[in-house]
């Protein structure tokens, strides 16, 4: 999984079908790369989250025609020992 | 998902079978990397789009022998808070 | 597979469903990149481990709605000839 | 998908089973990274091609035990507006 | 597929179930990145090999719970025209 911090939120009125209800959040990973992850937990800006990517993300949402390949699976508690600087 | 800007369009007369109808658009991601994504929404140059990659893209188009691994799923509204510079 | 060293441990009280029991360990790969892998072997900090990623990780845990895409599959014995510096 | 230029060809006499008939072509992507893609279109050196990667490539070739994860799906016509420099 | 040179071998006595018999070889790709690939061909150090990654690797080995996502599919003959420097 990828660990990162929520840094923004997007809306896409013009979209394809089969996108479930939830939010598109921009997340910056420890290494600085940015991605957009789907969120069903109600995470907010600045939150440290854990993201699963690939078809595994779509499978959790029901698989088939769900066009999502990055899903926030949890918000990290503040207890990791040697977090990335 | 990957966020990026449409920067070009490609045609491939010489191609394999089972490619559905749609456009091949070149997209430059926030980090500068370029990829080609399949488009069924009619997006144009300069548009900010969201892309799903991997087998999830092919599954939305019907799966099986569909040889597409990157699909534009939406065009972003201008409301993201801290977009990538 | 990816080879790396365990450098931390995370907990996520706020999480989605279908996460099996096991630990979220942060692993630093030979190239310096960090990721979080799921662990069912009881690995500890400083241990050299081997990680499988993608839907293959979820399939080992039972597939379907399991939202895990990185799994520690083994702890490496000290016998690799030319390990990464 | 990945766009790149064919720069070489490989043969592998010592190989595993279930590799279909076709060519292994080395392709250099716009960003300079090199990969080997399977070709059933008869592409040649210097040709600009489009590559699909992952299980989607294997599915087009019939799926199951086909050990191919990168497939050339088309040869690009010379009409892209702002191609990568 | 990824092309690379075998640079080491690993053993993992402490491991999860469903790992088939074969060797874990460290491979350095043309770009310098290192990965560990599963080998059933008996490749040795210094050999130039071709690697398939992702669920495609597990499918060749039988799919289901096989926790392997990188498999050596061939050893390259010395005939590539413009190999990576």
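A, B, C, D and E label the chains in the order they appear, each numbered from 1.
Basically, a contact is a pair of C-beta atoms (placed from the backbone, for glycine too) under 8 Å apart; a residue touches a chain by one contact, two chains touch by 3 or more.
Keep in mind that what you see is a predicted model, and the values were worked out from it rather than measured.
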Interchain centroid distance [CA atoms averaged], chain A/chain C, Å: 19
Inter-centroid spacing, chain D versus chain C (mean Cα positions, whole Å): 31
Per-residue multi-chain contacts in chain D, two or more chains: 54-55, 57
Graph class of chain-chain contacts, one of line, ring, star, complete, other: ring
Neighbour-by-neighbour ring order, given that chain A leads and chain C comes next: A, C, E, D, B
Touching residues (chain side chain D, partner chain B) in the complex: 1-3, 30-31, 40-41, 50, 52-57, 59-60, 71-77, 79-84
In the complex, chain B residues that touch chain D: 7-16, 18-19, 24, 26, 33-38, 45, 54-55, 57-58, 63-70
